[in-house]
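In the two complexes below, chain A is the common chain; its partner is chain B in one and chain C in the other.
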Partner chain A sequence: MKRILLLIVICLLGVLSACVQKQILDDVQLVTAIGYELTNENELKATAVTPIYKPDKTIISDIFTETGPLSKEIRKQLNMQSSRPFVSGKIEIGLYSKDLAQKGMLDLLDTFYRDPAVGSRAYLAIVDGNMQSLLEKQYGQQDNGIYLSHMFEQNIDTGSLPRTNLNQFLSAYYSQGIDPFIPIVKQENGQVKLDGHALFRGDKMVGELSAKNMFIFKVLMDKYTKQDSTAVKLTETNQREGEYVSVLKIRAKRVYKIENTTEVPKITINVKIEGNVEEYSEGQQIDKKIIKTAQKSMQSQVKKQADDMISMFQELRIDPIGIGGQVRSRQRNWDENHWLDVYPNADINVDVQVSLTETGIVE
Partner chain B sequence: MRIHRWYKKKKKNDNQQKDNINPEVDDSLESLIKQMKVSNDFIYFKNDQSPQPIHLYYFMSLVDSEIIHRDILPYLNRESLTSLQKLKQELPIENIEITSDVNKIEQKVLRGSIIIQLDKSSTEVALIRAELNKAREVSLPEVEFSVVGPKESFVESLDTNLNLIRKRLPIPELQIAEYSVGKLSKTRVAVVSIEGITNEENVNTVKQRIQAIEFDTINDSSYIVQLITDNKNSPFPQLIDTERPDRIASVLAEGKVAILVDGAPHGILGPTTFIEFFSAFEDYFLNWITASFFRLIRLFAVIFSILITPIYVAVLTYHYELIPKDLVSILVISRREIPLPPILEAIFLEIAIELLREAGARLPTKVGQTIGIVGGIVIGTASVEAGLTSNVLLIIVALAALASFTTPVYKMGNTIRLIRFPFLIFAHFWGLLGVAICFCFTITHLLKLTSLGRPFLEPIFPPRISDLKDAVIRLPFNFQAKRPIQLQTEDTMRFKQNKAKDKREIDE
Partner chain C sequence: MKAMQRKVNERYMITASLVFFLIHSMQIGIGILSYQQDIVKSAGNDSWIAVIFAGLIVHIIIWMMYKILKNGKGDLITIHYDLFGKWLGGIFSLIWIIYYWAIGLVVIRSYLEVVQVWMFPDISIWQFSLIFLSLVYYLLIGGFRVVTGICFLGVVIPAYLLLTLIFPIEFTEFRNLLPIWNHSLKDISLATKDMTLSYLGLSTLLMFYPYLKNPERSQKWAHGGNLLTMLLYAGLMILSIAYFGQGYLSRIIWPTLTMWKIVELPFVERFEYVGISSWALIILPNICLSFWAASRGVRQLLRFSQRKALIGMLLMTWIIIYFLQERQQIEMLSSYVSMTGFYLIVIYLPLLFVFSYLRLLRR
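Then we have the complex of A and B:
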């Protein structure tokens, strides 16, 4: 009996092996980035970036463009241009044009997260400007999809980009008390560059955060911005007008204090920032006085920017930093609709404490 | 179930086959001598010089002529010998047997004894041992070489081998039971165990299985291993063979049974566990931390060796998504020009390595080394340049082959090389799922295996925590006070743990 079973298994191994779709690595056309935009006829236009591996071991990127009503339909069209089938398993970044994002993009993301081959850690970006010219240019030694993915990775680890990817977007989209955002990239002087965030209400882009606010945004949102730096203009003293210090190695912590959760809440966000001073526009002499001034200036600047940003969010009725989520976690009977009603009028205060601890290895 | 009727072997009615090869010979001494005289190396002569004529019979090719010349012939001439009893007193050789049992005479003379007959018609003869012992000198272990530690290994003589063991265990409890196995070869097989430590059940299993062997010639211990092993259809060896007398002595003390075979430079050990196949005896010569590290390395090497090529094939054929983005370009570039699918590429290289190994093993040492280098470098580079295999796979296969050589027991190394191929085929057909299925098959098979009736996967399954002290990690000696549970020894303690723990100072 056992032998017959074994015989059957071996037979099945041979017979059923054709049922599994083979996708041999070098016989498929890998797509590393895909950009979507709207055409004038309201059709989708997709631009796929694929790496071309040249015989001298260099990699250049190539783009394929096609229009169609649905993204998988476009894939079919793309296959008609290519010697190898397009596969989606190595998509590192999905790019969307601004007008598409303003119309709502959940249906486009749907094909992304429905496809088991696409990782949920793929990055998303909104493109400001011409999609095709952004994807066409050869940026680094790799193809553009990998280049952009490395760029995002690097900025999340060390720069002022909060953690963001497909998974985070969808989690923010489906959660109560937080709204999603996507970084904006644009082409500038032939290089691709991060340029603020697109802010979403639901799946529609409703606002934009400029690049200079990205630092404050990360301070209010994410755990650490360790290798990030910011320039602080010294104020509050007449002598030092127009002087700057640069603050590096910033660590930020936030503590929420929420009162009166049932009615219009009063929310205080205590932000503690630690950092090192490593550059001073007036040369070497950084004494305690200057540091004190710098601390005070930074406190007031961060507070002002943060207050402005939050009141902008309140005006737009969006909540990308997840204040609602904080309230929700402290409240038993949380009602989303009620929160949405009271949020624009909520009294949200940012309390900033800055301590600059080191001034580098030179006294 | 008609289908498998053709599987069933026909029962043969050969039970009545006679043990005797030539049935025409009857049981008298005379006919025995007549039969032997046909061989030209059988010597018969009558010593006429002595007062009483003496008849001597022996095989020239089996006896040491030195003993005849020095210890027998002079004494036969000196005195008048009237009876075999007197002969026994006169000769300076112990253990002279006087018998008329023809079977015994036949056995002894074929092992190198001399028959002395006083009267040609009498059936009573004296048997004097004078066998020629031509054995290799005890030399360095070659298969299980160790940098530190004893450097002696077994030779092809059972008596020398037993001597090597007894020297290491000078206790009366060390018991040796000898059997003669093989219808033609009559090979001496010794079962060695320590009374009061080794579980009687284990010893009896071994003895019973050895007595039950039906075979004509036993030329090596490997024959015995194959004949008494629990599952003969398993690629995994279930008994360890070792050429180190120190290893045998040490595991005898642990409570295992050892089997030594005349003519074989390897001893057999059992019952054993899967993990033991990956522990070298050198592990006990090193500090426990280093030894444990090397064991872990070896374990890693085995897993690496079995799985790396199948994973390469599976990932490149089915799961390109799994490859990290920075590795994709390396893999694609190295495979860009290759016309073969990953499985053929992998099988091509694996077989090339197997060929090299086989050629290296068959050729004389000097040429073998050259073949290894030439094959490894030239064929490897050439096949990459010809575009038949990729650089990455060449590295992977070479590393996997290297890793498979780290197993200290040669037979287990062979098994590891073999089971890579089913894994490869499964990987090709079903990707990583296939690798997982094949792994399940392997684990199930291992779970079912036993070694002399004891579970083969112990201490992992059945889980025996205390036996883990000498499995993947070798703990220091003072943790090793208990004998392995797997062996079910009669005396469970090797030494007193408390006493071993105190450090004695000089002034105590």
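Then we have the complex of A and C:
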């Protein structure tokens, strides 16, 4: 008798405890991208993108906009506009306006990384220009959040975008000897495109890197560059002035050499680049001489751009490529304040070695 | 009234090699989800060294436990009785029994907290704990061999979770670990002290020792179980530091769970849900074994029916769980229990070891 009673109680409990809030995919509004900007009254304006799955199996994005003082408060107000509750589990990208980033991002990111539902793979980006018009337009066959996320992913794998996501940003923000960066996106001729990087000191955006510097930046900072490409202007000999080769499938490696770590450090970054020449502006044969010229031109170009970039970082007192981290890992009694003092005057050199190995399938 | 049992019927005994699973499954529990934070706060990038030191200390403690048990013949309660007499020994035994019971309480409440924060905020605590505790009761009336079986399964089945640690590797920066040993001995020992808390589950060995068929031969398996725990803790610590960077890592409450946010599989967007659900199987041996040890202790000390003691304990647990609502309370309770464990195992046990050795010499 006692056993049967126990059994009934247990069965009943099994049934009863299923009463947690269900979130069925069809009954929630999945936010895939969310953009934040400042209004004139200094309030936050959030634009949420959610996909709408149409009966003919096409997907379009839908936009909701609301203003308020706190981002979770905005979510509540967004819910007032929607037939289904918004959920944050599928957020692929968080977009921020420039003026917001210049005032500091951490308060806004807090709601992102405090929320157990938001993944660490979420991308962050700065929007140059009008947020709403960027998010409103239909770009691909997906909704805009997924579209932007695929665009980022594709550029990380095969383009000039270094590995970046929410976790990388926070890790760089909280680490000593490295500052975070995030890519900038911009709407141009009705398409959305990557347009350089926003550079941060702490959580405030203090500088920008133009799109043409993205290749060098990736070579200097990403863990591995595998599939990048760039155009090289031939400069070594006068007769080839104004000719270009394009270098594809670039693989890059770096080795740091750090001397005199106590006073003003002397840092040499040895960059090794391998790539294939696959296009030549003059069209004809690509012979050894051209390859040699291209190698030398690329070497000097990369070096110059890298040197310029690093002195810009030093002027801004930021360190997005993590030179400080390299010094820290080689120094037993590293002191962040001391490093910040000497960093702007540190002697940082970039040494580039280029080897162009293949020239495609014809001579 | 029953007699104090010094020998167990061979029918209820287990093979020596299963001690490996008993020790290992008891050490890995709710702590591994969150142990990184405290250690990193004091030892930074050298945390993994502290993890290994703590593991070595625990090896020594296991060795001492075996010596005590071999000299004492019987379990902790009979040893206390023999060494300190009925009353003083009884008080010591009672402290240990309360400690065993409190481990079970803390583990189940901490797990429920994780479920609440990460998955179902509105889960009904009393219903869930009632079901869980009924399961524990059901397993425990099966006797110690069933508990051993659960420990075995609790190690083997969730082992697939190790595979998920491949995902974060793409985003790691192992340079975060360098330079090795740039913290003072004081920092490292502080971290080592904190870290020993994560290994402490093994004290149930003092209760189940009479159940081992070849107790002498089981010692190497106990060391093996602890070694595996140590390797797991150290590996996970290295991965966490490389993935988050020590600055960010010291701010995350559940680093192991947060690391799962990077896992992306075609069929599951957020792996935490799978992981946390699987975790129920990892904490089940913890709860079973600690309640078993506590109720067995009551049976030995008060010569009381083990089943009735168990029912009383489970009821008490259930009521207390219901009243523990806030994170602060849970954290306070769990730190009290860990500190008690630390004093009992790292301070009291060596004293007991010396005392039992002196007794042996005098005889």
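Assorted remarks:
Basically, the second predicted complex is superposed on the first by the 344 of 363 C-alpha atoms of A that agree within 3 Å, B and C clash if a C-alpha of one lies under 4 Å from a C-alpha of the other, contacts with A are read in each partner's own complex, and residues count from 1 in each chain.
Basically, contacts are C-beta pairs under 8 Å (C-beta built on N, C-alpha and C of every residue); 3 or more make two chains touch, one makes a residue touch a chain.
Model, not experiment: these values are computed from the prediction.
In the superposition on chain A, A:Y174 makes contact with chain C only, not with chain B. In the overlay built on the shared chain, the residue A:G119 is in contact with chain B and with chain C. By the document's definition of touching, neither partner reaches A:T39: not chain B, not chain C. In the superposition on chain A, A:R332 contacts chain C only, with no contact to chain B. Residue contacts after overlaying the shared chain place A:R163 against chain C, while chain B stays out of touching range. Between chain B and chain C, it is C that contacts the larger number of residues in chain A. When the shared chain is aligned, chain B and chain C each come close enough to touch A:K90. Chain A residues 13-14, 17, 20-21, 89-90, 117, 119 lie at the interface with chain B in one structure and with chain C in the other. On chain C, the positions that touch chain A within their shared complex are 117-118, 120-124, 127-128, 130-131, 134, 170-171, 173, 175-176, 178-179, 182, 243-248, 251, 257-258, 261-262, 264, 269-270, 272. Those residues of chain A that touch chain C in the shared complex are 6, 10, 13-14, 16-17, 19-21, 89-90, 116-121, 163, 165, 167-168, 170-176, 223, 325-326, 328-334. For chain B in complex with chain A, the residues that touch the partner chain are 1, 3-4, 7, 315-318, 320-321, 323, 325-326, 328-329, 331-333, 335-336, 338, 341-342, 426, 428-431. Across the complex, chain A meets chain B through its residues 1, 3-4, 13-14, 17, 20-26, 28, 30, 32, 51, 53, 55, 57, 59, 87, 89-90, 92, 117, 119, 142, 146, 149.
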